[in-house]
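Note that chain A is present in both complexes that follow, paired respectively with chain B and with chain C.
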Partner chain A sequence: MNEREELLKTRRDPALCREPARSSMGLYLHYISLKLREIMEYKASFILTVLGQFLVSFQVFLGIYFLMERFHQVMGYTYGEVVLCYGIFLLGYSLAECISRGFDAFSRMVRQGTFDRIMLRPRSTVLQILGSGFELNRLGHLLQAAVMFAYGVYVSDVSWTFFRALAVICMLIGGALLFTGLFMIYAALCFFTLEGLEFMNVFTDGAKEYGKYPIDVYGKRIMRLCTFVVPYTLVQYYPLQYVLGRSQNGLLIIAPLGTILFLGLCAIVWRAGIRHYQSAGS
Partner chain B sequence: MKKYFAFFKLRFNMGLQYRAAAAAGLTTQFVWGFMECFVYRAFYESDPGSFPMTFSAMAAYIWLQQAFLMFFSAWTLENELFDSIREGSIAYELCRPISVYDMWFARSVALRLSRAALRCFPILLLAILLPEPFRLHLAASPSIWFWFLVTLIMGLLMMVAYCMLMYVLAFFTISGDGLRTVMVFGVDFLAGAIIPLPFMPETVQRVLELLPFAGMQNVPLRIFSGDLTGAPMLRAVLLQVFWLAVLIVLGKCLCKIAERRIVVQGG
Partner chain C sequence: MITMEHVNKSYRVAKRSAGMKEACKAFFRRESQRIEALKDVSFSIEDGEMVGYIGPNGAGKSSTIKILSGILTPESGSCLVDGRIPWKDRIQHVKHIGVVFGQRSQLWWDVPILDSFRLLQDIYSISNSMYQNNLEELTELLDLKELLRTPARQLSLGQRMRCELAASLLHSPDILFLDEPTIGLDAVSKLAVREFIRRLNREHHTTVILTTHDMQDIEAITDRIILIGKGRVLMDGTLDQLHAQEGEGDLDQIIAGLYRRLDIV
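Right after this comes the complex of A and B.
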C-alpha cells in the first residue's frame, strides 16, 4: 500500500482523522483569527475607534513637539532624541499590549468563575487567557506606535551602526517583556483580591505616558525607583545612552534583556497565585 | 427649578458613595501630579528664560488640574444616558413634565461636583504641604479667589454643556462611538490639559484662546496661579459667558428637534 492510499484511508476513517493536537502557537493564532472574524463584523466601529486612538497619541506627540520647539532641549536631549526615545518605548509597550493585555480581562474571569473552566482544559492557563482576551483595537495601537517609531528613527540624528540597531531591537524586546510581566502581576493580584487594583495602572499606562522622556529627566529619585522597583531604565535610559552615542559601554546593548529576570519573578507570583486560587463559586 | 434641584441632590448623594473608586483614583492622580512637576522642572532648568510663567504658577496649575480633574475631563460621561436613548427607556423621561435637557444638565453637574468633592481636598492639602518648588501657593488676594471661583463654575458648566451635545447627538446617530471618541479626545489638547496653552506657539495660542475649550480649564487655573489678570482676564470671562450661552442654546435646539422626530419603538 503506498503513502497516498494510506492517507486516503485515514481520511475516510472517522476514528483516525481526529485533528492532530495544535501546537501552542497554532492555538494562539487560532484564537486571534476567531477574534479577527468577530471584530470584522463591526467594521465601521473598528475604523472609527482606530481613528480616535490616533487622535489621542497625536495629542501627546503635539505636546512634546510644542514643548521642544519652545525649549529646544531638555536635560541635553534634543527633539529628535526625545521622539526616538518615545517611539521605541511606545512600540515596546504596544507589542506587550498586543500580546499580553488579555490579562486585563482576568479579574472578570475570576469573578464570574470562567477561570475554573480554563483550569479544566489541558492547556497552559496563560495561553488561554491571552488568546481569549486578545482585542484587535490593540493592533491599532501597534500601528500608531510603529508610525511614531519610524518617525523617531527618521528625525533623530543617530548615525546608525550595527550595534546601535541591535540595542534598539533589544530595547523593543525588553520593553515587551517588561510590560508583559507587569500585566501578569496585575492579573496575579486578582488571585488575592478578586478585583483588579486600579493603582497598578500607574505602572502600565502611566509608564507609557511618562516614558516619552528619557527617565533621567525626572530626577534622581525617579531614576532609582525606575531601576530598583520596576526596571524601566533597563529598557529605556541605559540602552538609549548607547544608541545616542553618550556611552560606549557595550554592556548597555544587552541591558534590556535583564527584564527576563523580572518576567521570571512575575511568573513566580503568577504560579503562587494559581496555587492560592479558590473559585468564586459561581 | 425645584424638581431639577431634586435630581441634582439625588445624583450628588449617589456620587458620594463611590469612595473606594475615589481613593484608587487619588493615588493615580498624586503620581500624575508629581511626574508632571518633574517634567516641567526639567524644562525649567534647561532654559528658565523660555518658561512662559513662574515655576510656582506652573505648580499651582498642575495641582489644581489634578484636584479638579473631574470637572474638566470630557470622558466623565454617563453611559446610562446613552443606553436610555439606544434602548428606548428614554420614553419614560419624555413622559415626565420636565425638560430632558435641563434634567440631564442638573444630573451631570451633580455627578462632576460629587466626584471632585471627594478628590479635591486630599490633593489640595498634600499640595500645600509639599516642599518648594512644588508647593501649591494659595492665592492671597480675595479678588483672585473671587474670579477663580466664578470662572471655575463657569468652566464646569461649559464642560457639562459640551457633554450635553454628545448626549443629544446620540439621538441622531445610533452608534455614536466614533463621533464621541473624537469629541472627547479633541478637548484635552484644546483646553490645555496636555500642556498649558501658554506653552504653545503664540499664533496657536491666540486661536485656541478664542475657542470654547480655552474657557474650560485654562482660564480658572491660570487665574488662580496668577498668570491671567487684568484686561485679558476680563476678556476671557466674557468669552466664557458667550460660549456657555452658545453651547446651551445649541444643545437645547438640537434636543427640541430630536424630541420632535424621535420614534420610540414599542415593546
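Right after this comes the complex of A and C.
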C-alpha cells in the first residue's frame, strides 16, 4: 500500500481520525481566547474599552448614595440594605451577561446570514452563539458588580448565618438564570421578526436599573407584574426578606430556584424559533 | 451517495410598495406572498462525482444546497445523504461535509488564519495527527505558507478563497459543497482553485457539488450538470450529452440559449 492510499484510509476511517468530542467548556474558552486576540489587534480600543467599562456605571451607585444621603431610608429599607439588594441583583445580572449575553449578537447573525455557518458546524447552536457573541467589556461589568456586591455585604448590618449566605448564593444563581432566560427569549423573537425588539431591553437593562431597590418599593401592581410575568421577585424581594431577617420562612431561601422553570419556558420558545428558521429560510 | 426525491420548498416573502404610507400599513397588516423555491426536485449523486448545479439567479440553487447541508427543512419529499437525513441528524451530518460560500467568509476576520484553523480543529474535534496531516497537505497544495500568519482581513480575495477552501477541508469531509467559489477571482486564482478541486477529487475521492455562473468552472471541473430553473430540474446529464443535444460551441452561448428557450430567466 503506498503512502497516498494509507493517508486516504486514515482520512476515511472515522475511528482513526476523530477524537472524542472536546468538552463544550473547552470550546467556549477557546472562543473567548480568540475574541481576546481579536480585540488585541486594536490596542488602543482594547485599553479604552476595559477602562471605560469599569468606570461608567459607578454612577448608579452614586445615585443611590446621594438619594440616601437626603432621605436615609426608602420605604423602610436602610442605605445598607438597598446597597446589598442592588449588589446581589447586579452581580446576578452581570453573571448572566458574561455567560449568555452573546444571544444579543444573534439577530445580527440571522440578518447577515452567519447563522447558516453556525448550523454547518457540528456543535450545539447555543454554544456557538454564546462563544462567538462574547464581548470583553462584560468582564469589566462583572468586576464592577463584584465590587458593588462586596461593598453591599460590608455596609449592610446583616448578621450572617449559614442559611442567609445560602439564600444570597441562591439569589445570584437564580438571577443569572432569569436573565439568561430573558436574553434567550429576546434572541428567539428575532427568528420571527428579523429585527431586534428594542423594547425588550426594559426587561434586561431596565430591570438592572430598577432592581436596585427591593421591588415592593414600587407598589402592589408592579410586584404582581414582577412575579407572574417575569419572576424578578423570586430572585430579589422574597429571598431578601429572609436575608434581612424580616421573615423566617425557610422556603424563601430556595425561591430563586423557581427561575429554572422560567428558563425552561424560554428554552421551549428558543427551540420553536430554530424550527421556524429551518422552515422559513434566510 | 446523495438522493433527493420529490422535494418541495416554499417561502413566505413580505411584500409592500415603497413609501412611508405603505410602510405604516405593512406595520399592521403584512401582505405576504408564497414563493415556491423548489418543486418536485429529484436527483441522485454517486460518491466521488463532480456535479455542476446551474441555473439563473433565484432558480433554487441555494435552497437545494441549504437542504442538503441541513440548514433548511423541506416541506415534503425525502433527502438522504450517506444514509443521513441532513436536517434531522444535523450534528452527525455536518461532520462529514464541507461548505464554501464564495460570498461569505467563515474565517475570523481579525486573527491570523492559523488561529481560525485551530478553533476549527476544536469545533470538529480533529485529532492532532490528522490536523497536522491535513494542514501540511493543504498548505502545500494551496500554497498557504505565507498566508497562515496573516489576519483574514488583510488577504486579497484570491488568497482568502484558498484559505476558505482549506478551512472547509480540515476535517476531511466526504462531500464538498461549493457555492460560487471563483466569484470575483482573478485568472490566476481561478485556475488555482479549479486545479485544486480536481486534484482533491482525484486523490481523496471527495464528492463535489458546485454552483456557479462561470461556465469555465463547469467545463474545467464537472463531469455532469444539473440544470434547475424556477424550482424544477430541467436537465440532468453529462457535458457531452449537452453538446450532443445543443450542438458544439461556446458553453455560455449554449446555456444562455437554453435559459431563454426554457423561459426560466
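A few notes on this one:
Heads up, the rule we're going with is that the second predicted complex is superposed on the first by the 249 of 282 C-alpha atoms of A that agree within 3 Å, B and C clash if a C-alpha of one lies under 4 Å from a C-alpha of the other, contacts with A are read in each partner's own complex, and residues count from 1 in each chain.
Criterion: contacts are C-beta pairs under 8 Å (C-beta built on N, C-alpha and C of every residue); 3 or more make two chains touch, one makes a residue touch a chain.
Everything numeric in this text was worked out from a predicted model, so none of it was measured.
Once the two complexes are overlaid on the shared chain, A:F66 sits against chain B while remaining clear of chain C. Of the two partner chains placed by the overlay, neither chain B nor chain C lies in contact with A:T161. Once the two complexes are laid over each other on the shared chain, residue contacts for A:G206 go to chain B alone; chain C is not touched. Of the two partner chains, chain C is the only one that A:D116 touches; chain B does not reach it.
In the superposed model, A:S24 makes contact with neither chain B nor chain C. When the two structures are aligned on the shared chain, A:N249 is found in touch with neither chain B nor chain C. For chain C in complex with chain A, the touching residues are 9, 11-12, 37, 63, 66, 69-73, 75, 87, 90-92, 94-95, 97, 99, 101, 104, 106, 108-111, 115, 118-119, 122-127, 130, 133-134, 137, 151, 172, 203-205.
Considering their complex, residues 44-45, 47-49, 51-53, 55-56, 59-60, 62-63, 66-67, 69-76, 197-199, 201-202, 206, 210, 213, 217-219, 222 of chain A touch chain B. Those residues of chain A lying in contact with chain C across their complex are 4, 7-8, 10-12, 16-22, 26-27, 30-31, 34, 37-39, 41-42, 113-114, 116-117, 119-124, 128, 275, 278-281.
Contact residues on chain B toward chain A in their complex (touch as defined above): 21, 24-25, 27-28, 31-32, 35, 38-39, 41-43, 45-47, 50, 52, 175, 177-179, 181-182, 185-186, 188-189, 194-195, 199-201, 204.
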